[in-house]
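For reference, the structure discussed in these notes is given below.
As written, the chain order gives the labels A, B, C, D and E, with residue 1 at the start of each chain.
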């Protein structure tokens, strides 16, 4: 019944399956919306945050989303500025994922602040010395860029494209995309960095504080670098997930491997920088403030030294090497493991830079604090996930996101290769988000 | 955000920050304006002339 | 013209463009944020003229002068009065919270008559006339039976015109049963009577002392007049005076003292006597005082002979050398003073033996009526009313013994033993009990027994301003003004070295239909009629007050207090008086048995001791919200009170920080939260006084436990005072 | 940048639809609708919105400033005086008015209302104050009058010589008097007393140029005017 | 223009708290609450959710009974000057300029109507001197009568903190203006906690003014961020370079040591005056 909207040359699942998937994701979304409204109307007392844990789950989710959405700017940079043509086959999806991550991040910020109706003060009454101001400006501007990058894709919908104006607009935007991509990269550099700066400039918090260049602490550069390194991992990982769920090959291996290789080198270089930073911090910065680095990992198992090891070795060096070495990179299983480790690694890094910063006491007579989120916080954090699933469901169904899809999955004639890939789709679906998409899967076959 | 805002100061920090900001914003703005105007003109000229 | 989709879109775009160019979205955005800045449900305090009015704080016996900042007619802040001799501008945490009592929700707004069962909380508002008539009828009824002694009243103290009006009323009515709440001042008074044979109070010239030996006296935990003692403590710091605190727990006083002697609880008397032994044995006593103005030094020597440092060491847990060392340092100091206390000292008089032992130390070093020492301060004598005419019934009633036995026989040293009456249930319970300015149902130990005895009293009247536990269990409530609304004299004792009378003056109109307690007594006497009415001829309480304070009134009205700065205790050289060191009743007191906490040590391996904290008001006034907010989370967490327990003891009994346990004593049990604290002695559990209210507001009620429900009373064999300092206890899993 | 081949195909399939749609709508109408939407929203925004935003309230009774000013010796401060602690008393209390108005003095109806409704009943007059600043503002009259030697008129305009009180307009959302934002909905002003927003304070402070204590803004620190 | 500004000497209002005199009675906390319209809830025992501009910390020397010792540390906002005047940890991070540092008084301000509740300043403050209004402030019926009109009550969703009772400075200035003065006497501007402290443990005044008691007690090295030259005086977390204007005085070594962090084996004072760049 919605066949008129489905792109030419591809096949989609029956409407009922699509609607069912939407309904399931929608239910999670609704739960999140209820929590969001409770927070807006009743205030932040709906959360388990407190005066010590002023930043908590949301802010972590916010930082993680932005880091993971970093695939959009970095892939865009590679595609449009460095002119790596192959990446055009994955850039659409990178943009979509980025769009979801950034819109979610903005929504979370709007929920997180105590006075949402005064949110615009951050722009109007901006204190330019605050890293958060930089975040807010660059985030909003870059979100505008992402809208601009996403818009032509929307306009390529079969029906919309029929309108000449939209068709032309879409075309023109594609033509000028390099300019937007460059601006986006510029903005991303600053907001990814300033998110790192948010923690790094806290000279009252020795666990977070880093020295740096001029006003920019080392975390500024590390955050940008890590977003560029791990963002593509997330894009590739979601692409893989989508392929598994739809049971179709959507992006050619050479494209995936190319991006994976770049990500691998980025990760390795990042980890080297991170290790240098950590060593300097642990041996120079923190001791100068009276702290032995082990103190920061001393109170409870949740914030033990394992966290540093996991972040740097298991989720840094390991995925980096797996992606750099050809054989492991080309092995789909090893590649996916590397991608997943990368995604976890950057999320863990953001977790540490937000949650652990809050947990560590600074005054010698203060106490370690632990915090667990309220259901409202969990629901509000899942809201963007559900929203992302829905947007992917709709976009995948109605927009020509994967340029190589028709070629890789010709509707007819049937080829054994396609059939084999299709059956692989049945395996997907243990997370709730994938489950929702999973409903739509068999239709691809 | 604007020079007439209470918080505005004519100093290096503001010039660099807002310089960068407005530079980026104007690129985005001009880019979009260009695309829209060109799309209008293209449409007036009759459909998908670029093909 | 066809309105199609495109036209509609065009209309919308035009509308959006026009809207963006109008002030609407921008002003709306601005106004919405301004709305959040002025949410109508966030109060805006009205502006107005700011000025101060001075009065006296009566929330504790301290008698500080306060000034109330007002904005037009509203009271907005209480501050200390700079010129006041007691507090010199300082103000304590309770005094600062006073406005929450004035404006708080626990105020009783009108006279109330109970309609439901006792304590059920069902009341019927009645007029003052109805309420007073009802009380007067009840009193007349009891009197008509020829048993006026069956009416009793219980006050915080007998001081001042209001105390005396009540006493006068009881006298003309014919009841000897005028009770006051216990405090360590009772013990001091009794000790003074025994040693010097005079009726007077004890004051301490703290500011001039250079060595303070405190036997459990909570100097910085609210003892005496708290602000004055705090200031004295700062003076000690500046003058490098030595403060030694003797106490099993590291209280604030102990923490701030120069030395803390952690002795086993209950062994204070042993230590004091052993120190006296050392001082005497080493000839360190001031012979000009002991030889010149003391009697029966030999008798004392005989008694002290048994109290060797070694004996004290066994009792206290200190090394004998330590006992000797501090005895020597104390005696060698130029202006030493020893203090007897027990926290704030407002719950019980305690052991007379202990008080006496401390007083003897002062005598041995000559610190009696000398600069920096313990002073004998005469009672205020400004109440010179004519003796009332008594009728036959009254005379007969007054002949009968007091229900609590105080003042006669074995209990001669005591003037009021309300714990004996209401706690132990000794003596005849009254038929009518009038309670003013105290909350016996909460603040007397052996809380359960007190409650049972209370239930047996047929008619209880409360004059409380607040719905406290006693008021909640009364039959009739006649609410008096709170201190900020009333005019009254406040003669301060509280260990002050000089006499100070504060004037409590109304700084605000009465908020509710309440009355001044003095007026209530006068009106009540009139209602009773006959000789009672005749004894209360004043127009009203204000007239009575002015007449009574005649010569001091102008000073009082002008300055807010009357102060005899020149006061010095009578010099021994000038008088005939002697200081008796031993003999007779004194020997009996000094040789009385040690107070051993109740309970079988086999069943109850631990000892529970209540402690006082200045952040927890525990007598008549309950903690206002500000104060309860200032209580640490190591004292109160959620609704659970923390029991302080030494980590070693906790290990032994396998309880850990934060665990919820049952605290069981021979008289009760309660749910508490474990707090490990190195500040307390192993084997001893500490629970604060002031929590566990069932009455008052939601900010206080239901939090923690009333430790009085877990402890019993023990009668001091020499005086009848409640001398219990703790009780045997054990911990059990919930 | 999905494959352009697809697009070409899509387009070429339905060229007729497109052309037809475009032709029938007609350019002029589209522009007309745009203009209708544009003008209508301008009218809403500039004319209707301010009327809806503000509610009009009338004062308890009218007051003639000019008449009173002529009767007193000390100008505005005769009634709007400073207290001994340097704070400004603002609108007079009944207590002050009573000195003269214990009984009706003149023939004005408003005075009669005042005497009967307020003086006789000892009720304070619930004046609606045009220049009432929100609770977060600390405005020291003393600093401006004694320190900076400003005239009342600079901020309050010609209120002192007015003969009657204008209606009080209250912003329905914020609860502010309209005089804070100013009569002009766009916020333009021509006199110093036309608006009383923070920017107006700041403007004057900048002109006076004596304060630069804020580290953040180089202007007056926030706590100079806020509480 | 600027000349007139430099004519009157800028102040650096600060505080010295004598920890040996402080008895931990809590009067300062309540005086502050009463003066500054601090709200309260039914349960305030969760100190992570309890607004106390002035909070009294209880610290111990960690030794077992009976060698235990306790000290109380009253902690108002420290009004940090930072490495260079005004670079306080919180001021520099506030995105909406809701918190500011005054060069004229040295006071760190917080404007509740400007704050939009991002709580970044709370994350930045190592002293936990900043509190968030998680709930709407509610006073039991009738109690709103005692609210002080000189301090605006805060609404839900904003951060608040100690202001050194700035309203008292404003009031004192008002009086000075009326009397034709510009300068304030030492006793004209005192905070509520200073005034209330029954032990007289808190001293408040202008650190720049050698006549003021705070200056005499601290003997601040104004060239080095106001570092105390009196060896018994210290500041909390001196090594972080926050340069607070609240000083503490104690004769007890362990108390002074508790004011900062030291590496195992490191001696207090060795590195105390070295701050990071």
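As a convention for this text, contacts are C-beta pairs under 8 Å (C-beta built on N, C-alpha and C of every residue); 3 or more make two chains touch, one makes a residue touch a chain.
Since this is a predicted model, take the numbers as computed values, not measurements.
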Inset, instruction - Starting at chain A, find the fewest moves between touching chains needed to arrive at chain C. - result: 1
Legend entry - Contact clusters after notional removal of chain B: one piece
Inset, instruction - Select the chain whose centre, defined as the mean of its C-alpha atoms, is least distant from the mean of all protein C-alpha atoms. - result: E
Inset, instruction - Would you kindly say which chain has the C-alpha centre located farthest from the C-alpha centre of chain D? - result: C
Inset, instruction - Determine, using the mean of C-alpha atoms as each chain's centre, which chain is farthest from chain E. - result: B
Inset, instruction - Name the chain pair with more contacting C-beta pairs, choosing from B-D and D-E. - result: D-E
Legend entry - Length of the line joining the C-alpha centres of chain B and chain E, rounded to whole Å: 46
Legend entry - Whole-Å separation of chain centres (CA-atom averages), chain B against chain C: 74
Legend entry - Rounded Å distance, chain A centre to chain D centre (Cα mean): 46
Inset, instruction - Calculate how many whole Å lie between the centre of chain A and the centre of chain E, each centre taken as the average of the chain's C-alpha atoms. - result: 41
Inset, instruction - Two or more other chains in contact with one residue: find those residues in chain E. - result: 46, 50, 97-98, 112-114, 136, 152-153, 155-157, 171
Inset, instruction - For chain B, write out the residues touching at least two other chains, lowest number first. - result: 6-7, 47-48
Legend entry - chain D residues counted as touching two or more neighbouring chains: 11, 18, 85, 87, 134-136, 216-217
Legend entry - Residues of chain C defined as touching chain D within the complex: 1-4, 6-8, 10-19, 21-25, 27-28, 31-32, 34-35, 37-38, 40, 44-45, 47, 49-50
Inset, instruction - Note which residues of chain B are touching chain A in the complex, please. - result: 1, 5-7, 13-14, 17-18, 20-21, 24-25, 27-28, 31-32, 34-36, 38-40, 42-43, 47-48, 50
Legend entry - Residues of chain C that touch chain E when the two form their complex: 36-37, 39, 41-48, 50, 71, 74-80, 87, 89-93, 96-97, 99-100, 102-105, 220, 226-227, 230-231, 233-234, 237, 250, 252, 255-256, 260, 262, 511, 614-615, 625-634, 636-639, 646-648, 678-682, 697-699
Inset, instruction - Enumerate the contact residues on chain E facing chain D in the complex. - result: 1-2, 4-5, 10, 85-87, 91, 97-105, 107, 109, 111-114, 150-153, 163, 166-167, 170-171, 173-180, 182
Legend entry - Residues of chain E that touch chain A when the two form their complex: 46, 48-50, 57, 59, 73, 83, 89, 92-98, 114-120, 122-128, 130-136, 155-159, 236-237, 239-242, 257-264, 266, 271, 274, 276-277
